[in-house]
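Shared chain: chain A. Partners: chain B in the first complex, chain C in the second.
Presenting the complex of A and B:
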């Protein structure tokens, strides 16, 4: 178990800068998820840590040791790839054993013990003697995980391991990974673009965008307290509602979504222009007026899941997405007038950065 | 003439959509047949018929030089090779077929092949030539292929590869002549070097000891690049993630080859070996130009013998039988190839 630190890490591919001077530490014994949209540099960062790519500038440390000049095999890491890698022509047990055979220091009994443990953790005992080519992608990915678990490397890297797995195996694999992380407490770096996966598996999430880490925090904190508009938008389904370019006059902004001027506090109190954001599930929709509510009319209604409706409301030119329970959603008709309230403690204030919604 | 309004025309069009002739043809059963016809015709005309013809001839004692068969004068002219083909067809299609004397037994030509010690000698030499050429080419090709594969960042790699592939694209006739000049005892560059280092010049192509290795060397020089190419293609077919996983798992080079590279690359590599085996088995032009089978019969390969029987002696029946034997040998090589490739599936199905 060892922590991983990157310092001033930059990676350029021709004119494209994939990583822009990253500084961060992946704590020992914790699961850190690198979360971000496609092309944000998360896989590049992981491949540099694995030694499969060379950084343009910067340092990678495992504990106190700089590993920049060490090859992948010298770094003694484990890695599970997006594409399930299994060694063909071998059984599940032989697949797990193969890398262990390369380690001359292990006795037969030790090898056996590690194989049994890996089979147990990943619930694969029933398939131990099956030939890997007979297995589906989900089970093959479990074999790949078991192989890395059995090797007991100091760090295990996961590169979107659930992406190429069918929908039925996804949940099973996610549960198996959670079990692995909980039982082994190894340093894990897990790359994904799927926020649910990150929220489920991570002890902490490093949110990446355009080659930079925008926020690193626990899943709950990242969701509740996004540091910038990108974090607010990227996490959540759908992301936050944003109201940009609001001018701050005498410490407050005037916005049709609030019956009275909304006070700007905290680090953006001195800003001249701010952006406000609120998550759809925090928006209150009611048929009866209440203090702090404004009139709105229902523009669109869609089911998010069986239990919730996503309702789009209009207040003048402004659009607000709200998630309401199914019982309330069914009672609301398109075109109907309702009361809308944005609880001030749920409203997040951002700087004047531009917010681009892509969904 | 009744006038039709636009609305009426539209209604009719909706009621009876105009059948697209091409679409109808595409959906008919004739469509796949029409697509297959050109290649089938090509295959039947240029492959099946000549093969059947060849097999048919192999059961007859039929020579274009036989006094029993009237031959057009041009056959004995300067270019009998091409002209003998239409003559053969003409002979076989007319009543003159009767004149072609069937072998005493229908398999008489085949018996003669197996009784002919010269042919056995040629088969033996060809076998040795094929084994040595293919083994050396595969070993060198695979070794150099791995070297090139592992040196992707080497400066000048592309130029080196282009230069390396040059022998393969030179026609064997040119290569044969080129190497004859290199081996030449008086002004050849090789003997110049031998003399420079104080050695005695060697007439490589007429020397009993050197002629066979000299021809073999040229074949290796010509075809090792092909095996490099096949090795690079085989290595290119291995998924990058699997190679990276093997590195991460700290697998030894041997395990990496056995469990990662071989399962993916074996099809291409084995295909290369098969193609080289069949091609080496047919070697004729190179030997014809360099030694013409000599000295004595040291470099007399079976392809050269076939050439002599077919186009020098114009013994169509016997040479057809010999060609059939060579065809069976090629089929045997292909079968071995398939057997090796399917070994794993056979084990699994047991």
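Presenting the complex of A and C:
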């Protein structure tokens, strides 16, 4: 179990720069999720750590050791790919045992012990003697995970392991992985573009965009305190509401969403123009007025996962998405006039960066 | 017309076509089991006492034409199996390189390889004959050989290997493309070397392709006549040569017993192989793009 550090890591493919001078540490014994949209460089970063790609510049360290010149096999890592890699013609048990046979230092009893442990952790004992061709994709992916777990490498890398399995298997696999991470406390780097996966499994999330790490913190902190508009948009379903290009006059902005000028504090206090953001679940919708509320009318209403209602409200030209509980949502009709409140402590202030692209 | 009736007619037509195409082979098989007198009987005899006399005479001497065909059978087996085995190994390695490293102009290079099979054999046979002769003379002058090398077994084996490689390469590249590179990478992550990945991870997954490539090329080499006839020095001739040279008997007549018995012996190996491995051939014909569960 070691920490992994990358320093000034750059990767170019022809004229395209996939990674732009990354500096970060993946702490030992923790699960770090690399989260970001497709093409942001997260898989490239993982493949460089695995030794499957060579960085254009920069250093990769496992603990204190620079591993740039070590081949993949010398790095003692485990890796699970998006596509479940299993060896056809072998049983689940044989698949797990295959790489262990290469390790001459392991006795038969030790091999058995590791296989049993992996089968246990991934809840696969019932399928241990099944031929892998007979299994569905989700179970095959479990076999691939078990194989890496049984090897007990220094680091395990997961490259979107849940993407290619059906919905039921996704849940099972996610639960199994959580169990693996909790019980084994290995250094894990987990690549995904699915925020729910990252939120469920990670100890910390490194948010990536266009070859850079934009923010790295715990899932809760990342969700509550996005550092930039990208983080605010990318996390959440749907992402934040943004109100950009608001001019700061005497330390406050005037916006139709607030009954009084909204005071700008913190690191953007001195900015001339700011963007405000608020998550839809933090927007309050009520049929009765309250001190911080403004009048709005209901433009659209849709049911989202969990029976909640996603309501789009209009205040003048501005549009606000709000997530409201089922009981409240059912009581609201399209076209109806309601009261809308953006609690100031929930509103996040960003610089004047253009957020249109992300939204 | 009912569905059952349509199916019956469909199968009846299939059987008729199959029997029509099989009749010449059946006729040869009957001839191989007849005596010389029965073969030449007019009208043809369909009811006769079967005998293995033709096989006995063909294999162990009939006193005319080619007296003993066993060396030709051995040559056919050694040259076919040897060259095709060698070609399959070389093609597998080349196909892996093309598939995984994707050198520039891969498609063009692959086309160039296959284009060697598009040149008619008769256009190249004389040039190769002269080249092989020149090589042998050169090697003899250098004192490196006393027996012909290129106009002997090694030369013919290399020629057949060379001709077998392009087709095997095409088949195997298709199959290796179908094996995700993630398999290789998992192998590396699990501590395997490139050779280990190549032979223990990739090779088992392209086994249908290897078998298909092997059989297609085996049929080609097994049936090859022109190069064997022109290039093959003493002791390298195969069965097609024996069939062509030995079919006229001492009396100047065609020895139909010999032709029939040797033809049956000759087709036995491909027939057996195709019978047992036909499902691999079907997959191989699609160059691995339709893999199926084989």
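Criterion: the second predicted complex is superposed on the first by the 355 of 359 C-alpha atoms of A that agree within 3 Å, B and C clash if a C-alpha of one lies under 4 Å from a C-alpha of the other, contacts with A are read in each partner's own complex, and residues count from 1 in each chain.
As a convention for this text, a residue touches a chain if its C-beta (ideal position, glycine included) is under 8 Å from a C-beta of that chain, and two chains touch if they have at least 3 such contacts.
Keep in mind the model is a prediction, meaning the values are calculated, not measured.
Overlaying the two complexes via chain A brings chain B and chain C into a clash.
Residue contacts after overlaying the shared chain place A:58 against neither chain B nor chain C. Of the two partner chains placed by superposition, A:27 touches none, neither chain B nor chain C. Once chain A of one complex is fitted onto chain A of the other, the partner contacts of A:236 are absent, as it touches neither chain B nor chain C.
In the superposition on chain A, contact is made by A:88 with both chain B and chain C. Chain A uses residues 50, 52, 71-73, 77-79, 81-83, 85, 87-89, 98-99, 102-103, 144, 147-148, 151 to touch chain B in one structure and chain C in the other. Of all the residues in chain C, the ones that touch chain A in their complex are 180, 182-183, 185-186, 188-193, 201, 204-205. Within the complex formed with chain B, the chain A residues making contact are 50, 52, 71-73, 76-79, 81-83, 85, 87-90, 98-99, 101-103, 131, 144, 147-148, 151. Chain B contributes residues 239, 241-242, 244-245, 247-252, 255, 259-260, 263, 344, 348 to its touches with chain A in the complex. Every residue of chain A that touches chain C in the complex is listed here, in rising order: 50-52, 71-73, 77-79, 81-83, 85, 87-89, 98-99, 102-103, 144, 147-148, 151.
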